[in-house]
Amino acid sequence: MNDMTQTNLERALKIVGSRPARPDGVDKVTGRALFGADKSLPNMLVGRVLRSPYAHAKIISIDTSKAEELKGVKAIVTSTDFEDFPSEFVPNGEMVVNMKDITRNVMAREKALYVGHTVAAVAATSEDIAEQALALIDVTYEVLPHVLEVEDAEKPGAPLLHDDMITIGIEPAPESASNVAKRVEFGFGDVEKGFSEADLIIEREFTTQQVHQGYIEPHACLASVSEDGQAELWCTTQGPFVVRNFCSKLLGFNAAQIRVTASEIGGGFGGKTVVYLEPLALALSRKSCRPVKMEMNRAEVFTSSGPTSGAKIWVKIGVKNNGQITAGDCVLKYQAGAFQGAPVGPGAMCAFAPYDLKNVRAVGYDIVVNRPKVAAYRAPGGPISEYGVESVIDEIAIKIGMDPIELRLKNAAKEGTIAPYGPKLGPIGMIETLEAAKSHPHYSAPLGPNQARGVASGFWFNIGGETSSSITINEDGTVGLTLGTPDIGGSRASMAMMASEELGVPMELIKPIIGDTNSLGFNFLTGGSRATFSTGTTVVESTREAIEELKKRAALLWEVSLDQVEWFEGHARLISGDEPKTMSLAQIAKQAGKTGGPIMANCSMNVTGAGPSLGTHIVDVAVDEETGQVSIIRYTAIQDAGKAIHPAYVEGQMQGGAVQGIGWALNEEYIYNEKGELENTGFLDYRIPVCSDVPMIDTVIVEVPNPNHPYGVRGVGETPIIPPLAAISNAVSRATNKRFDELPLSPPKVLAKLMHG
Amino acid sequence: MAQLILTGSLKNLTNGIGEFTIQARNVHQLVGELKRICPPLAPLIESEGFAVAIDGEIYQDILFAAISENSEIHLIPPIGAG
Amino acid sequence: MSKTHVATHINGDSYEFLCNTQQTLLDVLRHELDLKGSKEGCATGDCGACSVMMDDRLVCACLVLGVEADGKKIETVEGLSTGSSLDPLQQKFIDLAALQCGICTPGVLVAAKALLEKNKNPSEEEVRFWLAGNLCRCTGYDKIVRAVLEVAAEARNT
């Protein structure tokens, strides 16, 4: 509980809950807004990266001498320009990272571990010269056999990516190295006993492929280090403070030496929470003492940033004939890519979290393979594990002749349920979203020929974390907000709305900006569905503090004690006295200089009390049995937002997440050849949903308030990508009377199953 | 007395013991207690980013989150943000 | 290799610049002319973030060479508004929250405007297929399509 909050849950709200124009809207629709690649500086160099052509190879030597002689080349960096670190987990805000792995992913050291792995970087006076320089760098590799799939990586005798990788979480610890970084297990009760009590047990294995967040804006940055070691970095990122942290450690700067400014960000979804180009650009700039601009091209985004895991999932669920689940068990094997850190822990924790179970177990394995190191992708780990569980639940519903929503209602988690990962849940909206789905017209709408309907639910934790924001009262009574979490989806509008609600002044008088890393205390990144929740909390708290100061100034001017002044609709108001006296914010602000100085407040805290968000989606599909094509006919997304500050942007998160899930379910996958080279490195063949692939995405926002936020907000950004995978697979299974167990359900795969079973 | 409840693979670190009675008024003291009664658990909170759930509420890196007399405590591994 | 001199019209203004023959129109717009509103998402004509009009035809600027702009009429997102008046599409996108991160928005707006100039009464399906060349990863397209349909309806009613 954030002790400072008093909730507004009962108050009638004036602006929170409405749909005003976002403050940055005009800049975005006119092309004026500046994204990562949109900034330039005088004397600027262009940086390009030399990338490994091999999936797995020892780097024997790198000779940059010929490249250095090329006219126009001003700096070259390799692993010698970066610090090495022992294997050690260190925090970066609420993230925990292993710097030994991070430095090697940013710049390979002993080995290249995936095609596209950074081996060197060059800064030159033009892109052409930089590319020519790359071709002049001589790298001697010793090519090694590679491995791409988890089940191959686990086999004894598999090529070893790290010869010091001893699996953590196995007792006793293995004697020799393997590609299994970690084993985790969650759960309680006795699953074997639970299965013995079941009338029906369904067990199934699922396969999902590696997919990418698919943000349209590639990674880009502009670094400028001057002769005295001061660095300015402009980059597209979900977390400028996190970037500062990574770059300082990697390059031996201290935090005061690097100022990071986040550009507008063209999509992230978790993929822009780590660094790729930024340390390279800083290192090149430090060497040349000139600004260095770097951009990834689209192929590099796919080969060399951080997609999410492909996986193997095994699920076993037992039920009684009345639908009561007696036990749930799963084993998850997730690809980590070149370095440990697949999101298998969270995947295991939330696999069964929508349900109230007495006997539950989830085991996860984090397995390295010669693919890029995975990064977060919207509810990292959750979509994969919940796809398996939600699919088996559907199969059970069919087998026992129960409606799939009724089956979920019968077992739904609610306040007081013990989550599979241990603690009791606070108020959540699982039942509410299920009831809303059941009573939605979509659920009872007639289906056309070759069409079927699928349902699935989803659970994601959401997080809080370190947050800092400030509010200034300008001399004319308008207001400035400085926020520390980049605005990816319209959140700065919601922040201005909350400040407007607290102050009682129109939103048009409030200007929110995203501050650089010098303007505020540490902010953890935008992600984890935390911005509206955490930054919103600090905005409300700092606004309340500013209001206290405004009241003090009014009390001074009225020569009364503070307790005789209240704040009402943008005015200080004298509580006692014969005649009503008010003083507007503008009037107080005008005299701020004379009554004590400028009025400003900030709130910096580690925000706690994030509430999980539950969602249930309904999808109608048509399956063309001749071509295997699956079409989405109708889609409804229902989710608990706690409180929708700006409903249009909450709807936007639900619609965007649902369509990413549609892509994941129907078409998206990394396709590697036998050399470990990614074959579909562009949007033509890594096909994300286009406008004509999807219908309107209808949305229903359920509000089960989160008592730990002044307005009841729950994070909403991540949950909506979870239900679509199983909802669509369930619909396709029902349409064809075959049980599908792998993603994506692309036409060749659907056809193969229809033909061969 | 507050109870620390461990499930799943965390019990590997405690020789299978799933419950500890804890005398601590906040997370900082909890870490100190763990160093005394079950040392392998302390680094989880100190350096591996584990959050502490106290009576259902998750506290990440909040050293002085209050633990009351009857609190139920769980350890939660780091959750990624996407 | 010497550069080629190009004279063109962009958003109603005359421009002259020098460029290499291998530079695309997108490169030229962004790097020679500082018109950064058109975005590079892929440089292979798949994402539509660089959509511009060339002699009244919707094209991906990354698939047009800079030298091809010689003598042509180019319209980019920067030319959609007039003075301080936004194009109805721009205003509607703000009103209906038809953008989230905004990176695809310039391309989508140029493409949508091209559609409405050709077809004053597009169906939902026609809007979706016309915009199929403009990738958006944030919105799921729902509010974008609604915005375009509403602008078309309002234009027909005035």
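Brief remarks on what is shown
As written, the chain order gives the labels A, B and C, with residue 1 at the start of each chain.
We adopt the following convention: a contact is a pair of C-beta atoms (placed from the backbone, for glycine too) under 8 Å apart; a residue touches a chain by one contact, two chains touch by 3 or more.
Predicted model only: the values in this text are computed from it and were never measured.
Counting C-beta pairs in contact, the chain pair with the largest number is A-C.
Each chain's centre was taken as the mean of its CA atoms, and the one lying most distant from chain C is B.
The distance from the centre of chain A to the centre of chain C, with each centre set as the mean of the Cα atoms, comes to 29 Å.
Each chain gets a centre from the mean of its Cα atoms; for chain B and chain C, those two points are 55 Å apart. Centre-to-centre, using mean CA coordinates, chain A is 26 Å away from chain B. Residues of chain A found to touch two or more other chains are 213, 269.
Of all residues in chain A, those touching chain C in their complex are 19, 21-22, 24-26, 28-35, 37-38, 213-218, 264-269, 295, 297-298, 488-490, 646, 648-649, 651-652, 655-660, 682-684, 688-694, 696-697.
Those residues of chain C that touch chain A in the complex are listed here as 30, 35-44, 46-47, 49, 76-78, 80-81, 86, 90-91, 93-97, 99-106, 109, 124-125, 127-129, 131-146. Residues 1, 88-91, 94-96, 169-171, 183-188, 213, 269-270, 273, 343, 345-346, 349, 361-363, 376-381, 421-426, 461, 463-466, 524-525, 527-530, 606, 608-610, 708, 718 of chain A are the ones touching chain B in the complex. Here chain B touches chain A in the complex through residues 5, 7-9, 12, 47-49, 53, 55-62, 65, 72, 74-82, going by the rule given at the top.
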